[in-house]
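Read from first to last, the chains carry the letters A, B, C and D; within each, the first residue is number 1.
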Amino acid sequence: AHNEFFPGISKIQYKPDAAPTDVMCFRYYNPEEVVLGHSMKDWLRFSVCFWHTFRGVGSDPFGFGTIERPWDDGSETMENAKQRMRAAFEFFTKLGVEYWTFHDRDIAPEGKTLAETNRNLDEMTDLAKQLMDETGVKLLWNTCNLFSNPRYMNGALTNPDAHVVAYAAAQVKKGLEIGKKLGAENFAYKEKIGFKGQFLIEPKPKEPTRHQYDYDAMTVIGFLKHFGLADDFKLNIEPNHTTLAGHQYHHDIMMASAFGMLGSVDSNTGSPDLGWDTDQFPMDISYATQAMKVIIDQNGLQPGGLNFDAKVRRESTDVQDMFIAHIGAMDTFARGLRNAAKIVEDGYMQKMLDDRYATFTSGLGLKIVKGQASLEECEKFISQAGNPKKTSGQQEKYEAVLNRYL
Amino acid sequence: AHNEFFPGISKIQYKPDAAPTDVMCFRYYNPEEVVLGHSMKDWLRFSVCFWHTFRGVGSDPFGFGTIERPWDDGSETMENAKQRMRAAFEFFTKLGVEYWTFHDRDIAPEGKTLAETNRNLDEMTDLAKQLMDETGVKLLWNTCNLFSNPRYMNGALTNPDAHVVAYAAAQVKKGLEIGKKLGAENFAYKEKIGFKGQFLIEPKPKEPTRHQYDYDAMTVIGFLKHFGLADDFKLNIEPNHTTLAGHQYHHDIMMASAFGMLGSVDSNTGSPDLGWDTDQFPMDISYATQAMKVIIDQNGLQPGGLNFDAKVRRESTDVQDMFIAHIGAMDTFARGLRNAAKIVEDGYMQKMLDDRYATFTSGLGLKIVKGQASLEECEKFISQAGNPKKTSGQQEKYEAVLNRYL
Amino acid sequence: AHNEFFPGISKIQYKPDAAPTDVMCFRYYNPEEVVLGHSMKDWLRFSVCFWHTFRGVGSDPFGFGTIERPWDDGSETMENAKQRMRAAFEFFTKLGVEYWTFHDRDIAPEGKTLAETNRNLDEMTDLAKQLMDETGVKLLWNTCNLFSNPRYMNGALTNPDAHVVAYAAAQVKKGLEIGKKLGAENFAYKEKIGFKGQFLIEPKPKEPTRHQYDYDAMTVIGFLKHFGLADDFKLNIEPNHTTLAGHQYHHDIMMASAFGMLGSVDSNTGSPDLGWDTDQFPMDISYATQAMKVIIDQNGLQPGGLNFDAKVRRESTDVQDMFIAHIGAMDTFARGLRNAAKIVEDGYMQKMLDDRYATFTSGLGLKIVKGQASLEECEKFISQAGNPKKTSGQQEKYEAVLNRYL
Amino acid sequence: AHNEFFPGISKIQYKPDAAPTDVMCFRYYNPEEVVLGHSMKDWLRFSVCFWHTFRGVGSDPFGFGTIERPWDDGSETMENAKQRMRAAFEFFTKLGVEYWTFHDRDIAPEGKTLAETNRNLDEMTDLAKQLMDETGVKLLWNTCNLFSNPRYMNGALTNPDAHVVAYAAAQVKKGLEIGKKLGAENFAYKEKIGFKGQFLIEPKPKEPTRHQYDYDAMTVIGFLKHFGLADDFKLNIEPNHTTLAGHQYHHDIMMASAFGMLGSVDSNTGSPDLGWDTDQFPMDISYATQAMKVIIDQNGLQPGGLNFDAKVRRESTDVQDMFIAHIGAMDTFARGLRNAAKIVEDGYMQKMLDDRYATFTSGLGLKIVKGQASLEECEKFISQAGNPKKTSGQQEKYEAVLNRYL
């Protein structure tokens, strides 16, 4: 019989009455519970990322790695890579998520040549396929790591050296091939070859280089529209990137959704007082509620999902911390879903919005919405109707009502 | 019989079952309810500020005033000032707060000379005293407006012109006299004359000038210690200032309390994505919980309190918005108090902390705490005990446990 | 003979040997001097804005107005408006700028009705036209103030009340008519009627509302492309907005120019440690050099220009400060122009860039640039050519070489 | 004969007429040139840091190390450590700096026990001493690395485990011993044992942990005063930390100097649009001028200096980039020194300041400065002298005059 990597930890259960410190169970996330006609797990589509959770070692610019795992000897051998992957699937299963995500270099060691690297990838994706079949865990998306290797220090597809660009393109080709092999529901980057998933592109400001072409949702949307690519892509929004770009937590989720381009969410958070991408587990109930409200309003994220692009702090060195962090975040989003569903069911807040925009449902307002009102017509309307009256914006009322749902 | 300024609005009631949109009542704040041995109102000591709530007009660098009140004709007459003050006391009473705060210039128009201005202040504080006696509303603190008048554009007590410094000093003298007259429990600024309240000093970064001597709590504490004033002052912390200084919401509350210098809180909030002092009503339940935890731990703020140094948005032009905003914030802090009290009662989180620091309760750890361990002794200890073992910091567990209380 | 508004100040002269404190002359700006085939004044196309320089009073959220001018009695009469405009044209002329800019409400008082307001505008633009003819000063652009009046507190063309949208539209119509009348070379906003200038749209983050549809250059470009308006508009970039959006000073100037959409620059600056739009006079020689480099590379800004959307600090209350601030900024940009021209003439930095991208001028690199290289071809290339070699990015060399030009 | 590590590079020369791209020489830094009575090298006291320049490999959270040096095989052997140190002293000498700085762990590999580690340190400091004697390069300061090793992930002297605190203390003891051995002029941290140098403490916000006890200069000064340590320490200011704390570049240099506590400067810079400690080489001439003005005003930094706590970008992989970066920064500070000296010699700006504060040199102003003016006296003065008059703050004049010196 094969090794158990998490001895003493069984499948995480839903216990609505758990004590505050009983953190190895869900108090809110109840996968099969039906909310607004769908199960919680179908609304939330949780995914664990391989990079932070199985490759992160807790190093930072000030310190060496702190995180050591019993199943990982730190070597770049295929044997170690396989152990790691088996541990990962046990984790996915015990935690109770249905999806995982990875970069090519997370799962297979690089060889001396691209050909050797690709053979390693073939072998590792064979194992992944087998484990996916055994456990029922599916691939939310895969992507290519076009940044860690020093060859990409000056950029990948934006590199000033055509040789590097060619290398990146060749790597993308292989990435698409393995995505297809594993039935990825999405691919976080570029270009097609018989691949049936949704292409995703993720905005990111300030890191790893000061200037990033894909600063935020609107920058990416503008870029895609400029190059005629808007029909080929949706956006994968990472809220920690959104806040680094100077926006509210859920701003890019809303903007991407408003333009019909919200594909998936890399569910994490930063600290508003820190200026870099801390990739913390999302624990804010109000933000989770507002994000889930947008997701409900667009009728879900499928084929995308909520992928935890989040890492335990470098001081959280226990194996148990991996579970606690994911459970805490899943409970947070389960609360967000419940809250948002109640907001939708009650309809009070929608009524407030409808009232706010009521003047656009008839008369000149409706003509304006339809793009049929000329400047002359507006001027004439004012000459007859005179000055508009003042209407309170009621921001505090919106805030207070939202709080009643938290 | 005298005018009613808020017709149709009666005293705000506690209704724990209120519907989400029934925002003209408290759902959580129940003044007489006992929490950890004291009534909620004694823990919270809510105060309304005169400046934002009765002098704010909603102008900003981009727009003229938007807020007009039926009791305020916009003039700088004594008659108008008196109307305004009567309206304020009706508001305090109907809202159900026990304290108010003001700057000298909020309540009385400036005259042509300081003497005339002071006579206006005498007349207005006579009325204030009478209304305080009638309603039982008390003065949490008063202070001097040493910034609005153009004479202070280059600073007040820091002005490069000694004439202006003298003017500011004279104004402070009068401010102390009226504070004494009205029985202020605190005074937000400098120097004594027979005045029995607590002196408060408030850190503030970046506004109104780029360099501020009192950037944050630690800057002010250092400044007071340098000039030998640390025994004469406590700090009035405004969380919106704290976040502008680059800290977490409750950072300065914690730091001031840790140094025994937390005197009062100007309870408001900003937006993490905006770089100025927006003075919004505080509506974040998690932050309110963490602030109240510190306040419980230091056994309350008295003689200070939670003063709402917050203003309705300039678009919130209805009289009702004044109530909704304060109620929403009071309910937020009532939830914070209940949550924090439960954390204290359960003791789980304290146990986590005690475990974390357990090695300092005996042996070398205890000697270190007492300042009795030499470098040599530490070196010798290591030569015998060897390398320390790794202990998880468990940040995600702390976050998840906290969330269970929200 | 008419009044002189700036007695004792004559036309500002170019004195290359002026002492450091002789700040009422140009030490670098020499309007007729030829640089790269054009006069300095044609490269720089300086403009003074009416709003800050003739309507600013120095009030802020903490203080009343500080700035009083001998020609302005503070009233909203037509007589006062005319005095103010005459003073402005004397200022433009003595300073030696060829352009001015204004919002409709800067130059004419609002009446009780839109019709009355428009009649005031007609009368004031008659005077403006006469003064422009007399002085030769031209209109760089005009625009509509769709924010100061309380009716716009919830937005103008984005207002939730159709009545307000109609009002804004009617105001825009009049704005276009007066722009046409005065021969504006640009118009900072929307829609045409027989108007021959360039339409400009200006990105702005965070103010006056937290969410702004036009956050930065790329957001606006995306927005225009989404709605099919990219051919109708160019961008007016304000660097203080750029930095508030989290970018480098000249980022939006570069991005807009790269997309062929840089129309004009609202030349000002903020403070990197302050989070709001301080609209300071631009005094950084390095930033001015980098901005002018982009402008030279696109062969100038015409019909746009460098408009000083900047205000003296509220403490700079002397009439002379108006001159000193503009002169300091004009000298800064004159230095920027001279430096950038030297960089262009020397060609060293261009050579560094050419070398950096040399691999794209032939072979596979050239095919990639032309969009003719497939993923398969790239993979095949790598299988033959192997790993790329490492090439230094040389950032410090670029910085050191740039410094040699400052 | 021993190896040459930088073949083809000879001692960097002063060439005032160097072409812009001739970056392997100084165009401004002329070590022996006398400025205000001292040589440039004595004012500037440049130092190279060992950690960035000889241990940095260019890894970041997104990428592996990029920087490989011919003298460094990447191993943790003593042999490799010695090669590295020999290369460093050749670099110091060819660059022409008189000082170096290091952390204990930069120069010697850690052993299995503290005793073994200390033996390694002894052997490496023997070599360092020999090389210092041979080259004349001196030790500006040394310090202990109390952060990289995972044992310090939860803090060093602030660790919740007393065992770790003891370890850190033992390490500090050894650090002081080697500082004494090498004749360090300063020590960047704590406590004395027969050590004659100046103790330095360096403010740092936000990194490596969110809460730092030593956020900025004033926080540290307050902390030192609270614990009665203000006489034992001076501050080592790193401007990149200052800007991360929300201040202007030279703010902490000024504040520390104003309190008589500026000991040394870790001369580097960040990017105002990036929220982390990028440790770039300082290249801003205006900031260098303002920093040098403060340093001249306090009559120099000795025994401190300008230590380049700066690293080449991870893309700057050539050996030559190490020289170019340091030369560019040294030239920047040489320009800063020349500019600041001219400002001091001219005396114009001092005159502007003296005029600004003139009212404090006699009468009531002088009494205020001496702390002899009572509130009553101020009130009486105002009753006689009336309102103060308005005086322009002239910020733009200060900026324009400063620009004339750049």
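By our rule, a residue touches a chain if its C-beta (ideal position, glycine included) is under 8 Å from a C-beta of that chain, and two chains touch if they have at least 3 such contacts.
It should be emphasised that the depicted structure is a prediction, and the values quoted were computed from it without experimental measurement.
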Least step count from chain B to chain D, where 1 means the two chains touch: 1
Pair sharing more residue contacts (C-beta pairs) when B-C is set against C-D: C-D
Interface composition of copies chain A and chain B: same or different, split at half: same
Chain centre separation in whole Å, for chain C relative to chain B (CA means): 41
Rounded Å distance, chain C centre to chain D centre (Cα mean): 38
Residues of chain A whose C-beta touches two or more other chains: 66, 150, 153-154, 206, 210, 244, 246-248, 271, 273, 315, 317, 390-391, 393
Touch list for chain C against partner chain D, complex: 19-21, 23, 27, 66, 243, 246-248, 271-273, 281, 283-286, 312-313, 315-318, 321, 324-325, 327-328, 331-332, 346, 348, 352, 390-397, 399-401, 403-406
Residues on chain B engaged by chain D in the complex (per definition of touch): 113-115, 150-151, 153-154, 160-167, 169-170, 172-174, 176, 191, 193, 205-206, 210-211, 215-216, 218-219, 221-223, 225-226, 244-248, 251, 259, 356-357, 359-360, 363-365, 368, 373, 375-376, 378-379, 381-383, 385-391, 393
In the complex with chain B, residue positions of chain C that touch it: 58, 60-66, 147-150, 152-154, 206-208, 210, 244, 271, 273-277, 314-315, 317
